[in-house]
Amino acid sequence: MVAMNETALREFLVSDFPQADGQYRVERLTDDGLILRLVVDHMHLRPGGTVSGPAMFGLADVAVYLAILSRIGPEALAVTTNCSIDFMRKPEAGRDVLCDVRLLKLGRRLAVAEAHLTSDGGSEIVARASMTYSIPPARDAG
Amino acid sequence: MVAMNETALREFLVSDFPQADGQYRVERLTDDGLILRLVVDHMHLRPGGTVSGPAMFGLADVAVYLAILSRIGPEALAVTTNCSIDFMRKPEAGRDVLCDVRLLKLGRRLAVAEAHLTSDGGSEIVARASMTYSIPPARDAG
Amino acid sequence: MVAMNETALREFLVSDFPQADGQYRVERLTDDGLILRLVVDHMHLRPGGTVSGPAMFGLADVAVYLAILSRIGPEALAVTTNCSIDFMRKPEAGRDVLCDVRLLKLGRRLAVAEAHLTSDGGSEIVARASMTYSIPPARDAG
Amino acid sequence: MVAMNETALREFLVSDFPQADGQYRVERLTDDGLILRLVVDHMHLRPGGTVSGPAMFGLADVAVYLAILSRIGPEALAVTTNCSIDFMRKPEAGRDVLCDVRLLKLGRRLAVAEAHLTSDGGSEIVARASMTYSIPPARDAG
């Protein structure tokens, strides 16, 4: 069921997301998804030291993308079509953010996943997101 | 932490949701929410025998509402402000639908929950929803 | 661009949605969608006389479905995959609800639309929804 | 109805969002919202030259925030609680992105808005978002 293991995902992140370099770190694959870390940096912060909404959105987006590729392989295309995200608490200042992705559906055309974001070392969910990716056939624009 | 136990929730459903009479059944409280059953009937079906989208939406809406009241008591007001729902698979024909609600945030003003819907006896999630309820102060219109 | 005019949509509603009989009424096609009326009845009401959330969700769902079919024809399949809905105000008691749908994308595989719901005779939007429909090829389960 | 005009909004953006410096530009206030421009730069691009999802999310988030403040003033607090976003088409390479915000509800506790994103010079909507902001009382943590 796993097309890319953790090592393959880490290499893919370096080779195909050079702009992500150092921002994201694959923690581990899970039974139905994976955990991705946002290595928090000043560029992710809002005034006051909180991780910004777009940084959390970006984390969830990359995490779901990697979770899908981990199951279907790196040649596949997958484009975000929908995201619904709830921001529930402020992330703790000075902490990385972890994103725990669970794939709920991995169809031929659509994949749906849930993501729970927590501050590293914290137990409360600071944000949750659900995401849909479209998986186009190789020569299809969608 | 629990303001209404299963018996209290069942009595509340009968007394305050007479139109729900027999449609919904409280299965049990869980650590962070509850499980509600939709007793599927012809009124919930689409042509072809599938449970309709509005019936699944209604199930999730009532289930989250009851999960909130189970923690804050029946005197409270709570109104749905947002729902995002993904329909992922067809529910199995001729089966009840179970809705497993997890409260993610229960603040003074907003509550956020996730709901996973499965066909009774099935293991796959047929739909997922996230819902926000506003909890107005007694004399506040929102 | 229009595959079904208003008469064709009304006939389709009667023939293919018998359970909708009398509940929904096609008001008119618009440049980029259509307007559908919910003929409000006791079955759509919550205690207090307000139109229920599931009734508004159902209205938006049928309205978007008809808007899609009006452009691609009644033979097509289209299944709801995602809905995000915001409930912003109470609909006025004793009034029908109108749903104004705007198709934003009508691709080969996915259609996305926005819907604005108002009480008949009112100007304020009581709810808004965005919906995604998947348009499977004839022999594809999605 | 307008608490901050275009000049006030531009000054606010410089003074309170220094990290946004040059990224966003207030185009103009509209009857029910405003138009904000994302001045596209290499930092907003994905491989292939497309504006990234997080950059579009960030644009919509800031645009809705400014639209709310333009009506209630810069002293107010407002925090994003929910966003649902649909990505429908690729933005055109080498073009700024414009975000047209419409405030649908501006209550004492919650504000809801819709945003439509287009490539500068293009007519098709590349993404749409709906956002809810919570407006806490001055001494309330939500």
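Lettered A, B, C and D in written order, each chain numbered from 1.
Note that a contact is a pair of C-beta atoms (placed from the backbone, for glycine too) under 8 Å apart; a residue touches a chain by one contact, two chains touch by 3 or more.
Predicted model, so just to flag it, every value in this text is computed and none were measured.
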Pick out whichever of the two, A-D or B-D, is joined by more C-beta pairs in contact.
A-D
If I list every residue number at the interface of chain A and chain B, are over half of them used by both copies, so same, or under half, so different?
same
At the largest C-alpha centroid distance from chain A we find chain C
Quick check: how many Å separate the C-alpha centres of chain A and chain D?
23
Calculate how many whole Å lie between the centre of chain A and the centre of chain B, each centre taken as the average of the chain's C-alpha atoms.
28
With chain centres taken as the means of their Cα atoms, state the distance from chain B to chain D in Å.
33
Counting only residues that touch at least two other chains, what does the list for chain D look like?
81-82, 84, 86, 88, 132
Per the contact definition, I'd like the list of chain A residues that touch chain B in the complex.
84, 86, 88-89, 104-105, 112, 114, 125, 128, 130, 132
Please output the residues of chain A touching chain D within their complex, sorted ascending.
16-17, 19, 47, 52-55, 57-58, 61, 79-88
Mind listing the chain C positions that touch chain A in their complex?
81-82, 84, 107-110, 132, 134, 136, 140, 142
